[in-house]
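In what comes next, subunit A is part of two complexes: it sits with subunit B in the first one and with subunit C in the second one.
What follows is the complex of A and B.
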């Protein structure tokens, strides 16, 4: 990233006593304290608590006992975990990596050709779903997909079947809802990226007789591959953490058919009152997040030395 | 491609003007139609929200109200149902944004102005922290808050919410600060000002817009946040609108969809307004230039 490049004209070039150097870093203090207490703290606490039988209420809430790897043993034996992992992968893959990413790119590409008025109108519609508070978006999506909701009205209007989406195909409804909610982010990233592609390059390809699709596939996409990688990483992390949308629309049901990892962690901790086990599930999610985070930082460091 | 070659290519391209422009116009229309279809799909779920809020007999269907009335809005505009939760949201979001702004400005200043071995690792850690799925740490945070007896405390919730957005805020703030030339402060240093007074008197006024962007960005996120207050704030009189709307309509939703929609709209208006300010004030790809492109 450009910002990490050392500043050329920096006042530090004057020799400073060692103490002074540390004093100058003091203002970072409050931020460091907050990050340690409220971010690093819970992460470490999670790994600790996942080895205890901490509970929501009762004796084990006041003084949790050490149970070693018991929670993780239970986790591995729990038939819900593989299901939950698979649903999480399906949700992230289907709604973020395929859905939001490709639709966002398509909208951004189309917008380069469209008329100004259309562009503003559609841009507003896409961004509106993203800017709304998540609970409101979740209610709107719930109404849209419910048995007598708008989607079934439309399907009925053209003479198709009207399934109960939230009950029969909960994951389909959730993925479509998440695409609706989150595509704006990818659209904004790709619009910014496409604006940075110099016009001469595509013009030159046009002169050489490349068709629109060829220009997109062989010229434009390779030039914005940095943005594509960044976008994929960020929307993966955002989608991994989606809770409210799922909780409002299906609450993980029917019978665990849409229980992604965040929902599973919440249910175990608060519905069944087993904080220790819920924390073990959360730890798995944190680990996945940490792996993606590390990959993301590496990616940024490598693309811009 | 050389600069000299470019003009000649342009004129070549414009030579067969007729067919190209017609094909271009057709491509333009096709793009317009495709975009409008996509836009319609995005508007549909929101259309229900607007129509249902005006319809006292609203259900899940999208339909024109038999008679347009503002009864739903009147029904939810009571102190207990709307105004207190909105005030709680206000306190929570403004507090979060204020804590964020102070901590982020202080942290960004040395990172932007002084070179140190500490900078790069710190910035990479910050970037790494932005990747942590906050949903994943809510169960451990709840456990931690129980142990520290911080559960149901508004200030503790504010500090936690501020921390979750702090990495992004520091990152954006440093980028805004980097854009303020260092030469102005050097003049102040020569006159004997300390670095913090230079920050206060010279740098901050010059990056007003950046401060506004970060404040609004954090405020919008806090205002819309459901999960954090849902887990950490238990008593009803402290809960923000996001949580109260969920618990009230979880019980009464089946009969009062119109009221649910009206409540949702009243609760969403502040963030929509702030977003418009943000998008107008900053460039079109506002926060993303600070957040994604670095």
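What follows is the complex of A and C.
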């Protein structure tokens, strides 16, 4: 532990604050250890594995070899990658950044004016989807969108067509399902944020003759910028990682039409047993998450006065 | 800051080493339990029953040893993944496990399976096993690594009532692909709401797509998937394109299920549970195990299946010899290479596969017996009305190439069928896409044009 050894001539003066700093760090120690072991560990392992030809079975399972950038080269040449990237961006953009985020904000704003009964009803309905375990929510969504599902029965009841959602419009069905499932989170974040907007400020704007839209756009939204950025970061990262919902509803099909990056990584690593290639896909996903994360962290920093 | 991170990291690293050191200390001599991993689903409990019975017998005979049964509830694909993951580490690897025949070779390559030659030599029951079935347990080095529990064949299962209503003469035996189309069109004409002839396609049904549909077509054209002598994959064959074209005709004319139904991973449940019993489907290609679903205690009990259903070999393309096609798979039991008690593990394996247990299992799961003393048992022969018909198909059956490239090649075929039935590619385009995919997977030098 050379780090702890004081370098200067007068030890007592310098060691004291150092030791104190270390002692102060002690309570967070377990958390740091857990994060390193269970978060950083797997990430580092995935990066490492993506440079090998590790496999679930066959000769390479016994003695995986270092293959350098081969997996990444193969990935770049894979015709599924551009499609998968586009679908991932569409899924995150459509269902998280636009869908969950805006719908959550709208519901939160409307709920401030709602009556008590409506409030309870809407709140329960929205949060119910969030409370369901992911696998249950996924099966519910599958039952809703499937060929003979609830949605088609409703549509048939009012004489509209009955498209096969999961087959003809898999991404639409998946995005709607993810919005249904995730909006509650955004709504809760925004309700909390809106409660923190001081009533005096809004009232002052009202006195100045600002309309409802103006108050929202120029007073409320700027005041909850921080919450918006936090919320965007959390739901983006959550949605990037959505797997169960897609796997249960479409399993990436038909013809890869809903194969987002997590589904692709799973298929490669576990269906085809090519762990090296699968982790290369996962590494790309991690990088995308990092880029989003960094962008939002910047946004957050800028919003601080 | 940087130093602090370094310190923390090194602390953790040393702690990890210390902990890893501790876990190595366990003594190897005293094994008190055997871990057995196998598949169990709502519709497949026969294996569970077999192991329960073997566990009782084994524990009674070996005082102080407990057999820990760990069934995995999953479909074939997921079971394979789960098993492979547990085999990766000696700490989680089972002592005895249920292994798909087509994974044996690649798992031997991976070093997961124990060579059983020295044990089989002294096991008198081994002589009762069918020679062809024994081959399923061979590794690339010629040693035996797994013991077969049963095999299967595939045939056309047709609903006699549906065919009779359409005016088809019974018993139905199509001689060519054209016969299938003619009959299917006849059924469609007599009742457009029925599914005349189902063949699986697409990735959702996984191995079902190739085993119960595409390979029956392909191996009936005279082409093959893999040249076993040259150890090369066949590309550019006319048979491949013809097979895709046949699927296209079937799906385009709505003679099979709709593409969206075909791409639902649960379609087979509807075939067994709804369409065939309710007389909404004329025929489908399915395995010899089909009666397990319908017999008493099965997931879709159908008391009249013995009278209502008929079975026929799948024809070759133009009726060429040998006049029929079938595909076989099957499962084995294997011993994990990292087991601490290989003798006990093999004892358990041989107990589980003794005549009594094999017989009960083969009957309950409608498997084709691989032990001669089971095959000749009157109870087995009377297990269901179709045992004789499907057992005969062993003479015209084919096996999948059991190489470690196979799962990806199979996926490429499934993709080609999906592209054809959804209309996104013509049979020629899809076949060309398959050729390119195979060359990309195994390299040019391991393919051959035929």
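Basically, the second predicted complex is superposed on the first by the 259 of 305 C-alpha atoms of A that agree within 3 Å, B and C clash if a C-alpha of one lies under 4 Å from a C-alpha of the other, contacts with A are read in each partner's own complex, and residues count from 1 in each chain.
Going forward, contacts are C-beta pairs under 8 Å (C-beta built on N, C-alpha and C of every residue); 3 or more make two chains touch, one makes a residue touch a chain.
A quick note: this is a predicted structure, and the numbers were derived from the prediction, not measured.
Contacts of A:272 after superposition: subunit C is touched, whereas subunit B is not reached. In the overlay built on the shared chain, the residue A:255 is in contact with subunit C alone; subunit B does not reach it.
Applying the stated contact rule after C-alpha superposition, one finds that A:159 touches neither subunit B nor subunit C. After superposition on the shared chain, subunit A has more residues touched by B, the comparison being subunit B against subunit C. By the touch criterion defined above, A:167 lies against subunit C but remains apart from subunit B after alignment on the C-alpha atoms of chain A. Of the two partner chains placed by the overlay, only subunit B lies in contact with A:212; subunit C stays clear of it.
When the shared chain is aligned, subunit B comes close enough to touch A:45, but subunit C does not. Look at A:241: by the touch rule set out above, it reaches subunit B but stays clear of subunit C.
Once chain A of one complex is fitted onto chain A of the other, the partner contacts of A:147 extend to both subunit B and subunit C. Once the two complexes are overlaid on chain A, the subunit A residues touched by subunit B in the first and by subunit C in the second are 1, 3-4, 32, 37, 61, 146-147, 270. Interface of subunit A with subunit B (complex): residues 1-4, 6-7, 9-12, 21, 24-32, 34-35, 37-39, 41-43, 45-46, 49, 54, 61, 103, 106-107, 110-111, 113-115, 118-119, 121-122, 125-129, 131-136, 139-141, 143-144, 146-150, 153-154, 180, 183, 188-189, 191-192, 200, 203-204, 206-207, 212, 227, 230-231, 233-234, 237, 240-244, 248, 261-262, 265-266, 269-270, 275, 278-279, 281-282, 285-286, 288-290, 292-294, 296-297, 300-301, 304.
Those residues of subunit C that touch subunit A in the complex are listed here as 3-4, 6-9, 12, 77, 81, 84-85, 88, 103, 106-107, 109-112, 202-204, 259-261, 263-265, 404, 407-408, 411, 415, 418-419, 422, 424. Chain contact summary for the complex, subunit B toward subunit A: residues 1, 6, 9-10, 12-13, 27-28, 31-32, 34-36, 38-49, 52, 59-62, 99, 102-104, 106-107, 109-111, 113-116, 118, 120, 122-124, 127-144, 146, 159-160, 162-164, 166-167, 170, 174-175, 178, 182-183, 186, 189, 195-196, 220, 223-227, 231, 242, 245-246, 249, 257, 260-261, 264, 267-268, 271-272, 275, 284-285, 288-289, 292-294. Here subunit A touches subunit C in the complex through residues 1, 3-4, 32-33, 36-37, 55-62, 146-147, 164, 166-168, 251, 253-255, 270-274, going by the rule given at the top.
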